[in-house]
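Both complexes shown next keep chain A, but they swap its partner, so chain B is in the first and chain C is in the second.
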Partner chain A sequence: MRLILLAALAAAFVAAISAGAVKIDLFNMSEIERNILFDVRLPRVVLAGLVGAALAMSGVLFQYVMKNPLADSFTTGVSASSAMGAVIAIMLGLMPYIPLFALAGGLAGLYLVYRIASDRGRIQPITMLLAGIVLSTFASATISFMKFLSDDAVSSIIFWLMGGFQAATVSKDLILFGVICLSFLVIRGDYLKLDILCFDDTTASSTGVDVHGLRKKLFFAAALLTSFSVGYAGIIGFVGLIIPHILRLGNFVKASYLLPASLTGGAAFMIATDLIARTILQQGQELPVGVITSSIGGVFFLYLLIKRRKELFYFN
Partner chain B sequence: MVGVLGNNGSGKSTFLNVLSGQMDFAGGYRIGGRNFKEISHPESARRIGFLPQEAALNMPFDSFYVVLTGRFIHSDGQMYSEQDISCTEEAMKRFDVYHLKDRLFNALSGGEKQRVLLARVMNMDTEIFLLDEPFSGIDILHQIRIVEMLRQLRMEKIIMVVIHDLSFAVQHFSRFLFFRDGLLLYDMARDELDPEKLTDIFGVRVGFVEQDKRMFVYTEEI
Partner chain C sequence: MIQKTENRIKKTGRVKFGHSLIKILFQGLLLCLMALPASAYEKIIVLYPAVSPMLIELGVSDRVVGTTRSDHAIKDIVQVGSHLRPNIELMNALDPDLIIAGSRRAFPVNMKERVKADIFYYDPATLDEILVKIKKIGAMLGREDKAEALVARLKSRLSEITPLPHQPSVIYEVMAEPLRVAGNRSIVTSIVSAAGGKNLVSIDKKHAVISTEKVLKLEPDFYIYQVGPMNKNPEPPGERPFYRSLKSKYIRINELEFARPGINAFDAAVKLNRIFLGAGDE
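Then we have the complex of A and B:
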């Protein structure tokens, strides 16, 4: 199964760097094609892969924290509050600091949701979802209000909210790669604990896992991943929700399988959807990638829900 | 082996939660001569195996893996060893759930789940076991097998069991803690059991009948 994921990632990557507005024959490139490949396309494809990996992993982490299959960066309100932070940065004209503002917004939003949804350290999943939805709504309203206030920043805000990888650069790639490596290394040693966290808190804690400490760590890692993704690529829905589910249905159940697989699967999915987004229209026009993720992802997820309903009930 | 008895809401579960360190408490208690509050969290898990009254799992793990996670305190935290795996097989065989090892835990029946969870706790191999209603949902055959198994361990382990079936408890346990209204009222050995005190504790008339050297307990409304 792991091999299939890796093969899918490799195939998506090769297809994505050769196809596009200008077709590139990888084995026979002209000077211009070489420039396009290395200056534009490669950074973009890599960014798409990294954002996909980060969002999928953050979805997995949120689902561990919240013990809820509906948890991801969207339903917890982190995406929207990150976006709010980013839009504030745009409004203030502080473009280089967008990721920082997104991170601050994301963490603040997450903290708020966590405080509202936890009662003496226990997270109440329903309250969490409601709080996340309220926060999302509030953040969206704030964003709309800011759009209304500033005419000149509107177009860059709208680009932002639709999500996309047009603004990819090598340095963004490197930073996001660093963030993913950092989160992955921080979590890597905790695979067994993550599995135990799937029990109720009392069982988990009496088995020897510091439930609250671990949860805080996961929370922070997930928020970091989401915020940087949102900071570089805007809001892209559904990846964090759908990739972990598909992987679990494909029998990636233990954390030691699920987490690495979420990185590969998320990257492959995002590269492929970005490829579709920029090649499906004629004359080099692009669809926002969020449209593709949500429609493909949504249809596929619906299929799974109907066809394999039974296996989804494992969350009680 | 100690039976913990009392009506609903009398404080039995709270008592076990406190002893296992799952709930904050005022005052203190000693475990092996050391103040419990000085024992840090992972170490307390190494000494006390706790089976809470209600357990839930929200990941499609097979039963074998569920029992294996009981070995976490003995593992290096990264991977389960060969020994952990053989202990798990052993524990599952002892609790007669080895044939369920490949089934999804959440697809099991209530009683089977409970037996798997018991195997999981016993797999922790701690010196103290606190079991909150371990027999709920388990058939008579397995109840008797399990209680016999616990009895065999009683010389080397401290085992505390919350139980509602008074006559089952009288048959198999040697020491009793009785709770009422949040208070620990009595700590009695089996030969100190007194129908009047029990009547007072449970709010039903309790009587003992001895036949063929066996003690039978009957209960009726006052």
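Then we have the complex of A and C:
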């Protein structure tokens, strides 16, 4: 199964490198085609893969933190607060600082949810979920208000929020790669603890797991992954929710399998959907990638829900 | 008997004359009534900012009772919201007899039904269409002479454009991230064309989100990027890593001068022509 995932990632990568708005003969490239491949297409495909991996991984982590299969960066409010930060940057005309504002917004949201949901240093999953929903609603309302104030600039906010990888650069790829590596390394030694965390808190604590310390660590890593992803690519829905669930249905249940598989599966899915977004229209036009992820992901997830509804309730 | 007949003939003649007189008077009144709407619009709400400078030129700015909040051409006037979300209550309170809106999408039929006023849609896509609209507005407001004079002045402004030795190719950036460019239906395409250039993006839309790959492939002579509400403080294209190999000349322009289809568009065409010429001299 792992080999299938790796093969899917490799296939998506090769397809994404080979196809695009401009037809490129990879074995006989002109100077322009070489520039397109190395300056535009390659950084973009890599960024798409990294954002997909980061969102899928953050989805898995949020689901462990909240012990809820519906948790992801949206339900926890981190996505919306990151987007709020980015929209403030757009409104102020600070375009180069969008990722920084998104990161600040995400971390501020994280702190707020953490403060509300923690009682004497202990995170309460249900309170956190509710706080996340409230934060998400508040951030969405603030974004709507800023759209209203923007008037002529409203389309720039709307289009940015739809998500995409047009502004991909090698430096963004490297930074996001660093963030993913850091998050992955931080939790790499906790696979067994993550599996134990699926039981109730008392059982997990009795086995020697520092439940609350682990939750904080996971929550911070997930928020960091989400904030950087939103800052670099806007809001891209569904990835953090569907990829972990699809993988669980494919018997990637233990954390030691699920987390690496989420990175691979998320990357493959995002590269493929971005390929569709940038090639489905004619004359070099592009669709926002969030439209593709939500529609394909939603339909596929619905199919799985109907076909295999019993297996899906893994946390029960 | 003869006398009676003569009297009847005289009477019939007088009746006929009376009928003719009434007919003439009625026709005259009808003509007057037909001519009346031309000067009847005394309270105008402008929901499309590009129109206000035009109304100032036509000498009817005193008839404008409301504008949008982004329209600052006419001072000390009621603002009725934005062009996309005008406040119907405020508009009705001004009791307008004419509303000039941008398009049917911006001011749809259901809104039209809620305001008792005539609606005029102003959505020109070319310089020629702007001239046609000026004449129509002039006729509606009884300022045909001023409208004709304005049209003549704008045409003569275009005659200042110098023919270019070769037609430069252009891509016009509306928004940097995601990259949105001007398409066929944008006024910008007409401005570029009048200035002697050619918009390389032939997509049949006002704006289109396109791939940066496509920009590199098209290799435009000029990469024009607007700065304004839709593209606030964009990173200069020359500093964007993915345009490193693009050899175009980058031109930064003001969005309000180029992207609004008003009388400013003619000045924009002349200005762009000079930029093309200046670049040719280099």
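Everything that follows uses one rule, which is that the second predicted complex is superposed on the first by the 292 of 316 C-alpha atoms of A that agree within 3 Å, B and C clash if a C-alpha of one lies under 4 Å from a C-alpha of the other, contacts with A are read in each partner's own complex, and residues count from 1 in each chain.
One rule holds in what follows: a residue touches a chain if its C-beta (ideal position, glycine included) is under 8 Å from a C-beta of that chain, and two chains touch if they have at least 3 such contacts.
Note that the coordinates shown come from a computational prediction; the quantities given were computed from them, not determined experimentally.
Legend: residue contacts after superposition of the two complexes on their common chain; A:175 is shown touching neither chain B nor chain C. In the superposition on chain A, contact is made by A:283 with chain C only, not with chain B. Legend: residue contacts after superposition of the two complexes on their common chain; A:304 is shown touching neither chain B nor chain C.
Legend: residue contacts after superposition of the two complexes on their common chain; A:112 is shown touching neither chain B nor chain C. When the shared chain is aligned, chain C comes close enough to touch A:22, but chain B does not. After overlaying the two complexes on the shared chain, residue contacts for A:189 are found with chain B alone; chain C is out of touch.
Contacts of A:134 after superposition: neither chain B nor chain C is touched.
Note on chain A: of its two partners chain C and chain B, the one contacting more of its residues is C.
In the superposition on chain A, A:296 contacts neither chain B nor chain C.
The interface of chain A with chain B does not overlap its interface with chain C at any residue. Residues of chain C that touch chain A in their complex: 69-70, 82-85, 175-180, 201-203, 208-214, 216-217, 219, 228-235, 240-245.
By the touch criterion stated above, chain A contacts chain B in their complex at residues 67-69, 189, 191-193, 195-196, 198-200, 202-203, 205-210, 248, 253-254, 311, 313-316. Of all the residues in chain B, the ones that touch chain A in their complex are 17, 20-22, 41-42, 45-46, 48-50, 52, 54-61, 65, 69-70, 72-73, 75, 77-80, 104, 106, 124. Residues 20-22, 31-32, 35-36, 39-41, 43, 90-96, 98, 148, 150-156, 159-160, 162, 164, 166-171, 278, 283-288 of chain A are the ones touching chain C in the complex.
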